[in-house]
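Look for chain A in each of the two complexes below; its partner is chain B in the first and chain C in the second.
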Partner chain A sequence: MKELVPDHQGLVLVMLFVVGNTLVFALGGVAGPDIWLAFLLATVLAIPMILLMARVRSLMGGASLACGLEQLLGKWPSRALAFAYAGYAWRLACYVVSDVTNFIQAVALPTTPQVVTATLFALLMLWAAKEGVEVLARFAAIMSKVVFNVLFVTFLMLLSQVELGEFQPVMYNGVKPVWLGAFQLLEFPFLEVVVLFWVFDCFRSKKSPYRVFLPGFVAASLILLVMASTSLAVVGAERYAQFYFPVWAAVARINISTFLTRLEAIIGVTFAIGSFVKMAACLLAASRSLAYSFGFADYRFLVTPLALGVIPGSQWFISTLLDVELSVIKTYPTSATFFQAVLPVLIWIWVEWRARKLGRGKSSPTQAGGQ
Partner chain B sequence: MVVVVILAYAAVAALEIWLWAERPWQKVLLYLVLIAAGAVLAALLLRDSDLKVPEPVGFVTRLIKRLWEGGGGK
Partner chain C sequence: MFFWQRTKKKGPDPRGLDRLSSSLETNLHWLQTDLFASDETIVYRRIKTSGPKPRDCVLVYADNMVKHEYLSQFVLRPLLKAELPKGLRGEELARYLAEQVIEADSSECITGYSQIGDKIMGGVGVLLVDGCPLGLVVDAQGWAKRTVTEPPSESVVRGPRLGFSEDLGVNISLVRLQIASPNFKTRFVQVGEQTKTRVAILYLDNVTSLDLVDEVQRRIEEITIDAVLDSGYIQEYIRDAPYSPFPTIGHTERPDAAAAKILEGRVAVLVDGSPFALTMPYLLVEAFQANEDYYNHWMVASFHRLIRYISFFITTSTPAIYIALISYHPQLIPTNLVVSISAARKNVPFPGIVEVIIMGLVFEILREGGVRLPRPIGQAVSIVGAIVLGEAAVSASLVSAPMIIVVGLTGVAGFVNPWLNDIAVLFRLLFVVLASVLGLYGYVLGVIAVVLLLSSMESFGVPYLSTMTTLVPQDIKDTLLRVPWWQMTLRPRYLASKDRQRLQGRGGRGS
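And then the complex of A and B:
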């Protein structure tokens, strides 16, 4: 059975996926006061990759992911690709769960073993992934109102603490930190969007992938830009890079007439909601692509073993808060480059070639309007 | 503890497979392989919390680097 997600819900799912578990970390901290430039550069660099991904989905027309991939890539190459991305999506789910468990242990439950919170989150994402992408997108559409309203109110309250001088002098250390910051942001979280390629089963029209991926990504990157820059302006450029959770530290400083204080807990709630959506999407992508790679039409029977594997996996890949920090600030490790940049470009080249061969390259007005 | 973890994984697998309406052997096999992999990983981590993470892509990159340096070195 095809799972169809309306464009506006898909867009919100992309937004929550990108904002997801990233909000509290020191994103692009290496850029220092030029963090806003790093964000803009990373967004500009990521947009071609997002468009490329949307183009590949667009060439599938109204076909489901499995049918479209088989038509465009061939049976065995598409299955091998799905197998590789299943591993990548599962590993990403482990990272997200680990980020959340370490965050919770650091700020709220220091004596609770991480495996307890990991198990609870694994059960939650198991439930969400079993319900499918339609339910997940609907959940994202509802919860996004909470998350983005909270972020907006937090931003307004943070303005009372902002020191704009923290952004000066512009590019004092040259262009290199900006590029390094941009590459950090590309690896985490911008190009992790490749996982969503495997989440959506089919789209309403050929233009839907563009309507879902591009505005969703750009809106999410702007939200992250605003929140990260505001936090840096509150805590200072040096401390922004030193803190594990600079946004948390910045929001803790909000003090409105000694009446509204200690509001950082609301950031924790938004972080938990975003992380939940992201880990559920990763699990869904892993299950769907693994089922497809083994030739099964239904993916739901694989959700439970993969979710149970995430519990030890989250302790395996990252075990301490320092590991979380290192995974956030690393600049393009090999595996990320391979899955986020090299493979999508190769797939796009192959798919364009095949589409031209099959005569699908140019869309007629009727095709573009909807299937 | 290792035995308890393995039993927990086995219990979940048994319960879920019992709840399936149909049990084609291909699905059951893949399911059991994945559950077993998860259980083994959990058991290994209980024995050794610093278990090394394999890096297949990193291994290829290091191999290429070594070959490249070997070709150009004295």
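And then the complex of A and C:
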């Protein structure tokens, strides 16, 4: 049975996926005071890739992911592609679990082994992935109201401490840091959205992928821009780059009438919720694409082994907080570039060529299911 | 013969026929030795008609199930005075009696032997006449009934004072009084091998999806059970998500609440003998709505609704957050407060989680102990619990004073949402255990699990969180707040599939 997600729920799923596990980290720290420029540049550079991804899904019409891929790419190439992305999505799930468990250990539970929190998160994402994308989207729709309202209130409370002088002079160190910051942001977290390509089974109409991916991504990138810039303006550019969790540090400074203080725990809570959505989506993508690559009709029996594999996986790929930091602020391995940029472009060119051959590109929108 | 070798003793099988006989004595013999054998509550009133050739008649009924005066006045007395024409037999005789002798306002003929049992158990009188292979059924139900009173479990300050009773007919009429429309339809189903309970499915033909009505009927018809004594039996059989503690079928004792649900496009189910109507589909948001919300000013109603949401959060989360803060994150508590909490906990020998579990357990024992007691004794239990146990426990340093406040607040907040109170206790315990293991993050994991559970639930095909996940303005006008009536122009999208228009124009002072 096709799993159909309403557009607005898909949109918030994209938003939470992007904001997800990135919120507290020193995103684009290398750009220094020009962080906002790096964010804008990264957003502008990411939009064509997002559109390209939406275009490929759009060309599938109302068909499910498996059928659409098989029709447009052919049986074996699409299965090989799914196998590759299954590995990528599973590794990303491990990274996200590792991020969140390291974060919790650093800020709250220094003596609790990471494997305890990793196991609980793994069990929950196992459940979410087994329920499917419809349930995950509903979950995101409910939780997004909590997460984004908390972020908005936090932003308002931070405003009194913002020092706009931190952003000046603009591009004092030239354009290079801006580009470096933008590329960092593209790799983590902007173009990780490519995983969501494998999460949605099918869309309501041909325009739905555009309605889901583009506004969701742009809104999330703006939220991250605002939170990162505000944090930088509160803690200063140097400290922003030095801190493991600059947003956390900035929110810790909130002090309203000596009563509303130490609100950083709220940021931690939103981070945990966002991370959960991202890891569940990654697990779902990994299971779905792996099942497709081996020709299984249902992916659910693969969820349990993959989820349990995430527990040791999260300890192998990133074991310490320094590794988390390096994975965030240093350039990602080339594999990320390959999966996030090179492969999507190749897929798009191939699919576009095939669609023209099949005469699909200009056909009228195909409706999938009812309202 | 050993007991396991005994076979079931076969009852007398004198009938041989499924239809009534023309001989009155044969019919009576069957009834007394077979159908109602050993039943001393069945009354056989034998009379003779007037005239030169009097005819033997027997009126059969169950004692205390009929209106005796009614049967005497409108059945027995006219029969005693009647002179039946010669030569009348069979159907002609039955028609003559029904049309020209019996003065009761309804009477019908039955031919089946087995039908007599159902009818008499249903509280009607059956007249058997010699020479007639038909039974005349006289509708004279008259058992003891409760009057229509305000339901104690759903009392209101403002609103109708009517409540359902145990009589299905009365209950349907109470709803029909609220919805005087020809589109209001009722379907009947019989459930229960032994009890043969009548179940009514109520809906609005021009609003409710017929697929939904068919689905409800199908699920009820599939029930195989020997007895249905309350609508709770039906509820448990036909509900979705049977392993979730959250209700997926609503229940109410108020006809106005049932009518309001039907008018939104839901289906109501009434069960004979139960004062609780079931409504479906049931969404989580309904647990936070009260019928009084719609009778009071919308601002007041919205405020009360917000209080209900906040109370649910307090009752499920306060102990867990308290445990997390004092055990793992004391730095997050303002300095003055953490000092006073620390001073209060100085002499307490137990960790926070033990305190919470002890006090929570005491609170639940007091609640369960007081809930079914007569009111004066119930109050005494409350006073003993609150003052003696609470005060003494703090004085003896068994628990800290802040813990008493937390548990008291938690308990009182739970009563704001009576539909969810029992569930709140379960989740409170889950959150406390998780918070005591992983602090705030344990609590968050618990919340994620609960929201995931809610997201995965459906009620009759409608997602359980429907109105909470949508961003469409019209669909959220009756969720967190209750906007003015004139702004709720459409019925809920997920329910009223046929006709969403609730108001034709805006009307009212707000237009």
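Everything that follows uses one rule, which is that the second predicted complex is superposed on the first by the 363 of 371 C-alpha atoms of A that agree within 3 Å, B and C clash if a C-alpha of one lies under 4 Å from a C-alpha of the other, contacts with A are read in each partner's own complex, and residues count from 1 in each chain.
Going forward, contacts are C-beta pairs under 8 Å (C-beta built on N, C-alpha and C of every residue); 3 or more make two chains touch, one makes a residue touch a chain.
Source: prediction; values computed, not measured.
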Q. Putting chain B and chain C on the same copy of chain A, do they fit or clash?
A. fit
Q) Who does A:F259 touch here: chain B (first), chain C (second), both, or neither? A) second
Q. Touching A:W353, do we find chain B (first), chain C (second), both, or neither?
A. neither
Q) Counting only touches as set out at the top, which of chain B and chain C does A:Y172 meet: first, second, both, neither? A) neither
Q.
Taking the superposition on A as described, I'd like to know which of chain B and chain C A:W127 touches: first, second, both or neither.
A. second
Q: Of the two partners chain B and chain C, indicate the one touching more residues belonging to chain A.
A: C
Q: Determine, under the contact definition given at the top, whether A:F276 touches first (chain B), second (chain C), both, or neither.
A: second
Q. Is A:T117 in contact with chain B, with chain C, with both, or with neither (first, second, both, neither)?
A. second
Q. Is A:H8 in contact with chain B, with chain C, with both, or with neither (first, second, both, neither)?
A. second
Q) Once the shared chain is lined up, is A:W76 touching chain B (first), chain C (second), both, or neither of them? A) neither
Q) What's the minimum Cα gap, in whole angstrom, linking chain B and chain C in the superposed view? A) 17
Q. What is the shared patch of chain A, the residues that chain B and chain C both contact?
A. none
Q. In the complex formed with chain B, which residues of chain A make contact?
A. 294, 296, 301-302, 304-306, 308-309, 311-313, 315-317, 319, 333-335, 338
**Q.** Interfacial residue positions of chain B with respect to chain A in the complex
**A.** 9, 12-13, 16, 20, 26-27, 30-31, 34-35, 37-38, 41-42, 45, 49-51, 53, 55, 57-58, 61
Q: Would you mind writing out the residues of chain C in touch with chain A in their complex?
A: 328-329, 331-332, 334, 437-442, 444-445, 448-449, 451-452, 454-456, 463, 465, 468-472
Q) Mind pulling up the chain A residues that touch chain C in the complex? A) 8-9, 104, 108-109, 112, 116-117, 120-121, 124, 127-128, 131, 135-136, 138-139, 141-143, 258-259, 261-262, 265, 268-269, 272-273, 276
